[in-house]
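For reference, the structures are reproduced in the following blocks.
Each of the two complexes below includes chain A, the first together with chain B, the second together with chain C.
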Partner chain A sequence: MDSASSQPDFDYLFKLLLIGDSGVGKSSLLLRFTSDSFDDLSPTIGVDFKVKMVTIGGKKLKLAIWDTAGQERFRTLTSSYYRGAQGIIMVYDVTRRDTFTNLSDVWAKEIDLYSTNQDCIKMLVGNKVDKESERVVTKKEGIDFARQYGCLFLECSAKTRVNVEQCFEELVLKILDTPSLLAEGSAGVKKNIFKQKPPAPDASTSSCC
Partner chain B sequence: MGKGKLKHSVPDPTGEELETFQTFGVRPGSSHMETDDEHEKESIVLIHHKIGNVVLQEEMKMELECELSERVVNLEALRRITGSGHLDGVFRPQVWKLLLGYLPAERDAWEGELAANRSRYAELKKELLVNPSESCWKEDDISSSEQQVGLLCRHEISNGDHPLNNGKASIWCRYFEDAEIVKQIDRDLQRTHPDIKFFTRDSALGKSNQEAMKDILFLFAKLNPAIGYVQGMNEVLAPLYFVCRTDLNVQNASNVEADCFACFVRLMCDSVNHFCEQLDNSAMGIHGTLHHLSELLRANDQELWQHLMILCKVNPQFYAFRWITLLLTQEFNFHSVIRLWDSLLSNPLGVQEMLLRVCCAMLVLVRDELLAGDFTSNLKLLQHYPQVDPECLLNLAHRITPITASQLKN
Partner chain C sequence: MWRGSGEPADSFYAVRPECSDVTKTRFKIKAGRTLSVRRWHAAFSPDGCLDISQTLGRIQRGGVHPSIRGEVWEFLLGCFDPRSSFDELRTTETTKEEVGLDVLRTDRTLVFYEKQENLSKLWDILAVYAWIDKDVGYCQGMSDLCSPMIILLEDEADAFWCFERLMRRLRGNFRCTETSVGVENQLQSLASITRVLYPKLHQHLETLGGGDYLFAFRMFMVLFRRELSFGDSLYLWEMMWALEYDPGIFSMYEEPGFTGEK
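And then the complex of A and B:
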């Protein structure tokens, strides 16, 4: 257990968000990343929140990661979590086609609607590659989607830990490469990061519903 | 911890003497202890409390047995015994059914009530768990008997209920939509208490339990199309199903699905609004209830409210959404959940009223940690709530001062 309660020294604090259909393995991915374990998890209800301290690209980082519920019913509730995120990870299950088609039908639209950060880095992650024999979404399809929507892309397995760390690392490296996001996450403004005043967003992003 | 913060003005609604549970506040013989040694103090008191309880437990068990054998069960007595934590597990199935109103207070009416409900359930199942190919056959039979020789008139040609017709009214379309719901339920049931054998598919019992729970949830979704199946209903069903299934009465245990369905419907009556997206922004929906919780905390512990809500910006939606919609099922171990539900179900003012008290007590119980924490540590604490003694929590919950409707509006 890492205690983040006392003044930790970090260079940047980034807010990351996990989205995608129910049962694709968002919580498992996060559990693997934050505590290197794999377990049968109950479906996420509402939202789950985890913090991880990492050193990436020579910088000490505090990652605040919000793990959202995938079921449709929770979408109106989870929309508020997009606000102020520097990175969004869209997860699908390579063994379930509907979780992939919902990326363009649902999740990309949700980002457009609710993300307040124009420069926010998006990452597409195809999970469960350990079930290679059950795969129905090819890697090429994933790459094509990522290209079309301007996302980073990786395939991984929370179960076998293949590529899990890389998912977060790639995303964070890209955030570190983006000056506007860096400014938001710098330790100087860390106190305000959760109050997150959207920096005068245009009308389309500030109003929901 | 939260001692001294709460006024003692609220009597325990169950009428149980609070002294027995007085684990907070000043106690004789405790003055020599270090004040920061809270946990030790509490555990010593708990031991005393448990020894005293053995005698009490036996008395209560006898009283309960007596009550349950009366011609007309005294629900008030039932509530008092159950709410105070003295419900012997053997009686729980019966008591929960009585408290939920599934069993009437008059013993003589039980048999008839149960039989009627069970046959109603069987019919419901037959009606709603249809296989479209069967119903198409039936319709064909009827129409062919009515048909006269010769060509069909235009209006007699049906739109065709065949699997490729994806019109909204098609039986097959509904069938495929239903199949999606069932798949979702199935996925969630496989993730419901995977650590408890009773719920896993490793055994024949576990398998049949999952099948029964699947049908219950599916029928509930079909009968409540505005809500459907929402993730988390599986968690709410689990303790109820467990209790109904572990009934020592063989006949009750074998009719678990029908009985449990009726109990589930009754339990959900009180909390179904929280699952309903359309009500999210109304006072009846989940946000209204979260606001209620926040105001309850403010009225009972202004300092803590100020710290959590204003300073740390830990919105109740981040943690209490799950506490409330799932009736605490994911916050505590299964054993504690059952104990907490004894109190939720036996509250004369309803499950939700007690639930909010318990939620508020959960905050007050860890107030020292919360007051010392920031956004991150507080959210972590509340999303992964420590496994506290349910009796401590309930004792505190009974001392939460309710708020008036006008307080809630402001």
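And then the complex of A and C:
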């Protein structure tokens, strides 16, 4: 992690969040995006995160991407990570119907409850399109859901890398298009990507050792 | 008991053709006597509760249709609360699905888990554990704790007991309430200890916004299995257990009502 310097090497810092049922491929999407690789990954315990520097729309961006565990009992923990996110990616598996129905039953409600950001950009991602023969959720269903909930939408495959970069790119472009989110992410605003809670009153004089 | 005609049930339990000296099945599926699929489903109320008394008479007189025997036996033998609803049964199913998803994602870099039978052992143990420890059930992370036992102990039954004993120490971490995961108690202890022993480190973490010590969540949940290599984490575990070894450990576990939590 780079320390706080007076000259940040990016224009904006955005906090993104990956949510969705267990096993839909949230961590795999993130690994494909940040390291362009695909592996047998272990289930995420609690919350994980990765940072990626990208240049999108002519801006140098630092993306802090939080990856959450899908299992229900971790939700008390993961709910605190919605705070302050500029973008939220809802992932489902096109070969498992439950993971799609849970978007409206569970995940969209979680966003309404915990996201503190009115303008936060939501993106719906249907993963595992490489398993076309096992597909049970059609593309049209995804489009309809996205329209109803006002999200962006893409289908992708972390395995074959189809559309993975586009997922993050479209999301970030939309964030860059939203003035209130842009103001939050501006590098001039002193902030800490680890901060989940409002800063402690004595944190103003802090300087890293 | 055997009187009257009916549909034979032999096809459900086929006998090897070369075996001739086998006792013939006299049980017949009899309309109006044997508990049928339709009757069984009718015994569940619209909200999914079973009134087993509606079925007992049938079972006493004509047995259970072989196609539903398994699920009926589960209720007859008391696997489920007879007042349990479809919802509770669905929870059981969900647990098994969760286990299934994670078994396929546990320690897949190890050659050991290229064998289907070893994956099956992992599934068996986690599913049975979730069954006997209903308060905790199955929680992600348990497969990381269970996997070494299966590798170290060839016999699945031995592996199960080893895992069960380990869970006695750790189950509190996995127990969840509406507002927190059990392991958060440990995080608070870690914070208290660090504040006293390494105040500078604690201050630094606070400054970074990590004063809640959530960064250590996974370390406690799976005892550093994700931070260290497979071999190193086993080394760490045995050192830990040796350090905290209690000579009374065996008899302590045998005491009735012992819950094993610290």
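Following the convention adopted for this analysis, the second predicted complex is superposed on the first by the 182 of 209 C-alpha atoms of A that agree within 3 Å, B and C clash if a C-alpha of one lies under 4 Å from a C-alpha of the other, contacts with A are read in each partner's own complex, and residues count from 1 in each chain.
Simple rule for what comes next: a residue touches a chain if its C-beta (ideal position, glycine included) is under 8 Å from a C-beta of that chain, and two chains touch if they have at least 3 such contacts.
These numbers were taken from a predicted model, which means no experiment stands behind them.
*Asks:* What is the contact status of A:K140 with respect to chain B (first) and chain C (second): first, second, both, or neither?
*Replies:* neither
*Asks:* Touching A:L77 in the superposition: chain B (first), chain C (second), both, neither?
*Replies:* The answer is both, since A:L77 touches chain B and chain C.
*Asks:* First (chain B), second (chain C), both or neither: which does A:S22 touch?
*Replies:* After superposition on chain A, A:S22 lies in contact with both partners, chain B and chain C.
*Asks:* Does the superposition put A:S42 against chain B (first), chain C (second), both, or neither?
*Replies:* Both: A:S42 reaches chain B and chain C.
*Asks:* Which chain A residues come up in both lists, the one for chain B and the one for chain C?
*Replies:* 22-23, 40-43, 45-48, 69, 71, 73-74, 76-77, 194-195
*Asks:* What residues on chain B touch chain A, complex-wise?
*Replies:* 184, 187-188, 191-192, 194-195, 228, 230-232, 234-235, 275, 277, 280, 286, 313, 317-318, 321-322, 325-326, 330, 372-377, 379-380, 383
*Asks:* Using the touch rule from the top, collect the residues of chain A that touch chain C in their complex.
*Replies:* Where chain A meets chain C, its residues are 22-23, 40-48, 69, 71, 73-74, 76-77, 192, 194-197, 199-200, 203, 206, 208-209.
*Asks:* In the complex formed with chain B, which residues of chain A make contact?
*Replies:* 3-5, 22-23, 40-43, 45-51, 64, 69, 71, 73-74, 76-77, 80, 194-195
*Asks:* So in the complex, which bits of chain C are touching chain A?
*Replies:* Against chain A, chain C makes touches at 98, 101-102, 105-109, 139-141, 143-144, 176-181, 200, 204, 206-212, 214, 217-218, 221-222, 226.
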